[in-house]
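Just below is one structure, and these are the notes that go with it.
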Amino acid sequence: MRELLEAVADGDLSPAAAEAKLQGYVTGEAGRFDAARDRRRGIPEAIFATGKTPDQVAALAADAVETTGRALVTRATDDHVTAVESRLDRTHPDATVSRRGSSLLVEGSSYECPSLSATVGIVTAGTVDGPVADEAQVVCEDAGATVDRIDDVGVAALDRVLDQLDRLREVDVLVVAAGREGALPTVIAGLVDTPVIGVPVSSGYGHGGDGEAALSGMLQSCTVLSVVNVDAGFVAGGQATLIARAVASTADRE
Amino acid sequence: MRELLEAVADGDLSPAAAEAKLQGYVTGEAGRFDAARDRRRGIPEAIFATGKTPDQVAALAADAVETTGRALVTRATDDHVTAVESRLDRTHPDATVSRRGSSLLVEGSSYECPSLSATVGIVTAGTVDGPVADEAQVVCEDAGATVDRIDDVGVAALDRVLDQLDRLREVDVLVVAAGREGALPTVIAGLVDTPVIGVPVSSGYGHGGDGEAALSGMLQSCTVLSVVNVDAGFVAGGQATLIARAVASTADRE
Amino acid sequence: MRELLEAVADGDLSPAAAEAKLQGYVTGEAGRFDAARDRRRGIPEAIFATGKTPDQVAALAADAVETTGRALVTRATDDHVTAVESRLDRTHPDATVSRRGSSLLVEGSSYECPSLSATVGIVTAGTVDGPVADEAQVVCEDAGATVDRIDDVGVAALDRVLDQLDRLREVDVLVVAAGREGALPTVIAGLVDTPVIGVPVSSGYGHGGDGEAALSGMLQSCTVLSVVNVDAGFVAGGQATLIARAVASTADRE
Amino acid sequence: MRELLEAVADGDLSPAAAEAKLQGYVTGEAGRFDAARDRRRGIPEAIFATGKTPDQVAALAADAVETTGRALVTRATDDHVTAVESRLDRTHPDATVSRRGSSLLVEGSSYECPSLSATVGIVTAGTVDGPVADEAQVVCEDAGATVDRIDDVGVAALDRVLDQLDRLREVDVLVVAAGREGALPTVIAGLVDTPVIGVPVSSGYGHGGDGEAALSGMLQSCTVLSVVNVDAGFVAGGQATLIARAVASTADRE
Amino acid sequence: MRELLEAVADGDLSPAAAEAKLQGYVTGEAGRFDAARDRRRGIPEAIFATGKTPDQVAALAADAVETTGRALVTRATDDHVTAVESRLDRTHPDATVSRRGSSLLVEGSSYECPSLSATVGIVTAGTVDGPVADEAQVVCEDAGATVDRIDDVGVAALDRVLDQLDRLREVDVLVVAAGREGALPTVIAGLVDTPVIGVPVSSGYGHGGDGEAALSGMLQSCTVLSVVNVDAGFVAGGQATLIARAVASTADRE
Amino acid sequence: MRELLEAVADGDLSPAAAEAKLQGYVTGEAGRFDAARDRRRGIPEAIFATGKTPDQVAALAADAVETTGRALVTRATDDHVTAVESRLDRTHPDATVSRRGSSLLVEGSSYECPSLSATVGIVTAGTVDGPVADEAQVVCEDAGATVDRIDDVGVAALDRVLDQLDRLREVDVLVVAAGREGALPTVIAGLVDTPVIGVPVSSGYGHGGDGEAALSGMLQSCTVLSVVNVDAGFVAGGQATLIARAVASTADRE
Amino acid sequence: MRELLEAVADGDLSPAAAEAKLQGYVTGEAGRFDAARDRRRGIPEAIFATGKTPDQVAALAADAVETTGRALVTRATDDHVTAVESRLDRTHPDATVSRRGSSLLVEGSSYECPSLSATVGIVTAGTVDGPVADEAQVVCEDAGATVDRIDDVGVAALDRVLDQLDRLREVDVLVVAAGREGALPTVIAGLVDTPVIGVPVSSGYGHGGDGEAALSGMLQSCTVLSVVNVDAGFVAGGQATLIARAVASTADRE
Amino acid sequence: MRELLEAVADGDLSPAAAEAKLQGYVTGEAGRFDAARDRRRGIPEAIFATGKTPDQVAALAADAVETTGRALVTRATDDHVTAVESRLDRTHPDATVSRRGSSLLVEGSSYECPSLSATVGIVTAGTVDGPVADEAQVVCEDAGATVDRIDDVGVAALDRVLDQLDRLREVDVLVVAAGREGALPTVIAGLVDTPVIGVPVSSGYGHGGDGEAALSGMLQSCTVLSVVNVDAGFVAGGQATLIARAVASTADRE
């Protein structure tokens, strides 16, 4: 404690970073950021941009970089991105901002991405499932896992799936994103012996549109499957990361 | 007309049968029976037993046999069956009553089943889909179509489907019954070039149970598929019969 | 195989077309296009534009023209159409683009539309059902079927339906699009002996709006009827095509 | 007031009947009975038996007979009926109990049914709609209206409806009960110029079963129609009675 | 018939008006207009603008004026209104267009509004219910009924309702529009002996918003009430008109 | 602590009671009972009988009496009651078991009910709401509050409510239970200045039955109201108790 | 009365204010304003801006200031605010308009805010819950209560809640706003003995989004909790105010 | 192959077992049993008893024992159990049948349970969640995993959870079953860094009852969590087993 306070006094540690170390979370202008979540839960708190103003998102991102070295933002619009970039220009000019679809990864200059010796397979049924899969991929890569991305293998043409069977069987855990009737995770889970996490996607229209048919189909799947909410790429990626880490850390332990 | 009335006078035609011929429908003690539906729609009026008393079902069945030669009853309980049998013992002692699950086919002694040179494939995903498929089968067979029944080929083990691919490709039209996530019609329709009619089955439990997940999945199917209501084996069989007859009659016409 | 590769070497066949012939599908910049679906399923893969960027739709359309001679796009906005046209100007300058509502048919210069000796009746209840019926019509015409379009015969004025009874009875299969309470397919199916495919339309408002009342009404229909999802004109047209082709090919076989 | 109390003192009026006259409602062992509703609203309070014990129903029925001359009970089971009969044997031995399906009309010995010079048409689509129509009929007849009951004219066979067109056009107001897709009120309302009240019936099964498809279809009807809740025969009959009485009393006024 | 054709030949009657007289409906560029509905159903076909292009609405309005003397348009946006006005400038320059909220009444120069000796009460719970009530009012006034409009008497302050009790009891039929919990029709129907038609309004937010709470509350009402769909002011006004006319015509008959 | 253990050693305190004192909860054969909830939350843990076997309920009730002096059981069937009585005969022969509908209050011989100087008004709309109101009443009385019960004042006859206005205005907090359209809490809350807690009751049938219409109506109420789940009499009673105690303890504090 | 009229005659009282005093409500150009609600219900009528035009809101706000000294507007957009400000510039130039998020408090120059010796705790789970909590806060402060606002203590990091336990236990009543799964009110209510009012917030996405998961979770809470509709900050604040006032007035009474 | 057939010829292998080895599945009197699922998917096909007759379940169980050494039956009623026992008495008299709630594990005499060096934590919120957790436990134990069962730690008393934190943090993967508002998996997942699988349980009543509130709450969880369908203990146990095996086999590999 004394050490910490001296570091603050010496200007080696910002007050926010010290608060985060002491209390776990830090209270900034846009609310509390849970700086200890990564350590406690194994997955950092992501800043979900929907419903927050650009200024709020930028402030939280700066708090995250300050206290955990990097920030993860999901569902960001262009306005959110601009605000984050201009804020970080002021507070952390050396940070790099990389964007994948609506997901944003901001890394402070001294942040080092961990390495994780496990592979997550991320599969999509069609082109429209891409952004949801991207969100999952950003989380897995942030955790250092290897990602094997297999796109566009929907069940309307079974050959496209069967052709990828070897890759599907080699990964440690699978995230499978599919909209419409969402049958792909069921078909894949019937063919592999790895854990499969289904992500319903809000494509589709009419009855059961907005991902509801896909969600209920995955929940009713006649195979073994666990599921996350519609479009919840971040959650699926987070769960896959936890499994991948459990696999990898056991390996390391030996 | 004169002829008809004379036949009634001579006792060669019952008043009910004459009424049916003149008016299309006949009004009995349990309501009107649409004796002309078979001729007009190509599918006879089935007596849907749920919500009717055993006496009502028996009376309607007797009206049907009297005016169209046979009766088709669906969703019959044991009480309905008993009532029908005891009624027909009195009114049409020569009629034969055959039961398939909860479906009943009563044929008058002089009734001749038509013949239809086309084949309907009826497919189930699992054991619990059997009774719904039975209902479809009774309608198709009543119309004289050949039925190729393929049971228990759910997608959790794709081999079971792929092993039947030749049979699936040979029929003129397919009825595919599946509960839970209802993915089977989608997978099959991706592999064959015949019309596929999906029948969601009210198995399953929890969210999307009672056939709702299967129904919405079939409606959202990324292949071409038409659908009937949950457990509506009779409707699926009827639609398959209409298609089979269109195919067959064209063949005959040539 | 050798032949194919030589054609590629000679520039007579594009690599994409060769890939499609060998593998069934082709992998382009916007995902995989299932070039074999037409052959396997009898209905080509349509490019569903909703949720795809104009560039993605254009790339897939070019892939489709390249490998199957023509492309079918549904739910296209003006932006999608512009992107498709400008892309094809570059890649297939001789292709013709024809638009019907939000449906697009792109035909390469050497594409020959097949001919199919069967007639599909396409019926609407009111003016607002037009675009959905258009989508069905494009698919049927792409397959070479004759389309008999009967518009605006909603049940609020029964005479409008009854006046068309002769035409309704002459076609090989009927697609009936209706919104609000969706009673038209039920009324028509009670009067004809052809297969009827109901298409609920998302007109209407309040409780049961968005086509849900029409959908549930068609599923509950007291006649024999099969159904597709709300606004799913493409699927209805596809199913009608499969039936029409079964009828026609039997005729041809004789 | 004085008069009333003297009648009570003399035993010419029961305390309950006096309480009802003074206060509008009477408080008995099973709750308050709204004795003034008939006068105020034009329709008596019916005792809805579901969820009440046989004893509660019997007590309320006795209160109703005591204060308004007769009692109307709906959704009565056999247990309810037995309890009512045995209670009335003790309290009002001269009362007559008549039952129509699950509806019960108890008339005190001195009760005189009013007369109403208007006709309510009550129409059913099929046999299963009977009990709901019965409930409506009991209310109309209790009010003295003439009821023209037309059964079993579902739209699957349009002739059955068209054959009754003259009767349908002659009544003052129509109650039309239909389950499944509930199209009958729409079809009838397109043909007549009287007010039509649709009653969805909870027949049907699968998606939209329990009367929900019929309800949403009637609410979405492309004609002019008002609706009551699923199986709400009593409410439909009450509303028809109010309209019939408005028509009749205007006639009488002249 | 001969007479009619001669009138057409002489230019006294347009071909469209003749077609409407002969066939009931007229087929114009935007679909069929049911010119006989007013005569047959007692309520003219209204042109529901939502989902139709301005040109379609304008064409149908012109057809309506041509064949029935006037046109009724509901849910019109500014674009629809402009298109109607500019079209009628060309085809019926003498017609007058009057607008009430989103409802439009176009009257040809020779059109004479009928007169109807009955009064419809139209009641709203709050300011936001106004436009829905307006829609009902336009229909009633088009039919010649007197309208007594009572605004803003929601149940949160019972006095506002009770203060209007005399007016509420004097009309022949009541239309009561209410959003949120929709209790007003129930409270009013408990106090008057006229028929009450409840109109749920899509105000409200959160669970049960969009009028669903009001709709289900009115359907569950513990009083006698019939209901139309959410925001269906036109239907409520139409039903009230039919009742008012039944009352009035009986009066006239005497 | 030492004291406690000595009391156990001396047999003055049962091990279960000691465990509860030390740890807050006690682990018995049927699960953990939260003995500290009353102290911590102000409302004891009630034993919700649905879904538990009679033996489980009896064991938990004995644990509750042992550690908190009394037990509160809700939704008990006859089997549950018998099991509780026979169990307590063995373990706490001096305890008294009192039953109100499906609610059970078991009091150990030395238990003294607290006294609370505040009044809770508990109001029902009709006879069927009684059992739900009973559940609320048991909780309030267990806490020592005075309960003023006002039954059967549904809005179909406003006089019944208005007649009770004085009583309604005198209590400290109101629990109002109503089924069907659930308008009573809204009407009452418009007339009094005390907090009103609405309890939707699962009476009603058809659309919005099972209390859903009442729930959504109360949530949409145009007055100030808070709500508990359908039939949740215990929760409403608990919340009213907390409010009553806040009111009373403030009074006491002075 | 005479006094009142003389004040009007003298210009000391506006006609509107006099009307409000005599009748309780005042009828202005945009509808009736319930000026007596504050007195009768303890909470003033708030002007809910959604669905009203800026002019309507401004007129009602002016009526409110005129008759009750101040106006409370919720869900105001910028257009509403501008209209209110410009209207009041004309009618009440001395009034002050203060805005908190989308809530508006307009106070006339002579208005004196009451004082209330009780504290309401207002708690949010995350940043997006802020505007809903603001709405509650405005009502409580308008009533003179002290508000203790505790932000951003969601359950994903339990420490954030537990750190605030002392503050949570000190207030008289708690309003807890939470979106997503809405677990925060349950967790807090398990730890304190004050009444807790849960406010579900329409953050979240996919299945159960729009606050529905939070609402159903709070209704199902295994602790004692009452609930208001999704985003109904005004209602929660109103209910908290009523409880706070009950507590405070009891204190004062002593 | 030859070897296999000789084993059949010698009676060392039953025809069914041989069929299973050759084809993966075996076709018995009650349908096809997927004997290869365990090998292919890592989880054996369980026989879901609901909707199957006792005879069908018994036949499938015998097929399973015959081909895979043991059978897993879920949702068995007493009738199912009796049928299984009496069937196995005939076909596999040495097999042992063990029952845990409604789950059944039948082991042939020569079956050896595998061993798996990983631990699955199975947690329940309350007594009613027991049977669902049992189903998960049977699957995990069948796979040889160690199960640490932690019962009755619902969030209404946070101490019960916090007291078990060490055990919760030591297992390799967690299955957390909770009904009502289903907050427990969220709270636990916020405290540990292992993968958590939430199982909603169909306890609860009223709105969101039947597990729907718990399901939507878990899907909306603000932490990282994957979910299975309501009451799907088997699926949760299966998914936990796949994760446990991935962890263990990695360890073994080293």
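Points to keep in mind about this one:
Each chain gets a letter, A, B, C, D, E, F, G and H, in the order it is written, and its residues are counted from 1.
The working rule: contacts are C-beta pairs under 8 Å (C-beta built on N, C-alpha and C of every residue); 3 or more make two chains touch, one makes a residue touch a chain.
Keep in mind that what you see is a predicted model, and the values were worked out from it rather than measured.
With steps allowed only between chains in touch, the distance from chain C over to chain E comes to 1. Contacts with chain B and chain E are shared by C, D. For the self-contact between chain B and chain C, the two sides draw on mostly identical residue numbers; the shared fraction is above half. Relative orientation of chain C and chain H, expressed as the C-alpha superposition rotation angle, is 180° to the nearest 5. Relative to the C-alpha centre of chain H, the farthest chain centre belongs to E. Once the centre of each chain is set as its mean CA position, chain A and chain H turn out to be 29 Å apart. The distance from the centre of chain G to the centre of chain H, with each centre set as the mean of the Cα atoms, comes to 50 Å. Mean C-alpha positions place chain A and chain D at a centre distance of 61 Å. Separation between the centroids of chain F and chain H, computed from CA atoms only, is 38 Å. For chain E, residues touching at least two other chains, in rising order: 40-41, 126, 156-157, 190-191, 206-208, 212, 215, 219-221, 223, 229, 232. Every pair of chains in contact is given here: A-B, A-C, A-G, A-H, B-C, B-D, B-H, C-D, C-E, D-E, D-F, E-F, E-G, F-G, F-H, G-H. Contacts from chain D toward chain C in the complex involve residues 125-126, 154-158, 180-183, 186-187, 190-191, 204, 206-209, 212-223. The touching residues of chain C, when paired with chain A in their complex, are 23-25, 27, 30-32, 34, 36-37, 40-41, 45, 50-52, 56, 60, 200, 202, 211-212, 215, 229-232.
Of all residues in chain F, those touching chain G in their complex are 40-43, 172-173, 189-195, 197, 215, 219-221, 223-230, 232, 235-236, 238-239, 242-243, 245-248, 250-251, 253-254. Across the interface of their complex, chain A is touched by residues 126-128, 151-153, 156-157, 159-160, 163, 203, 205-208 of chain G.
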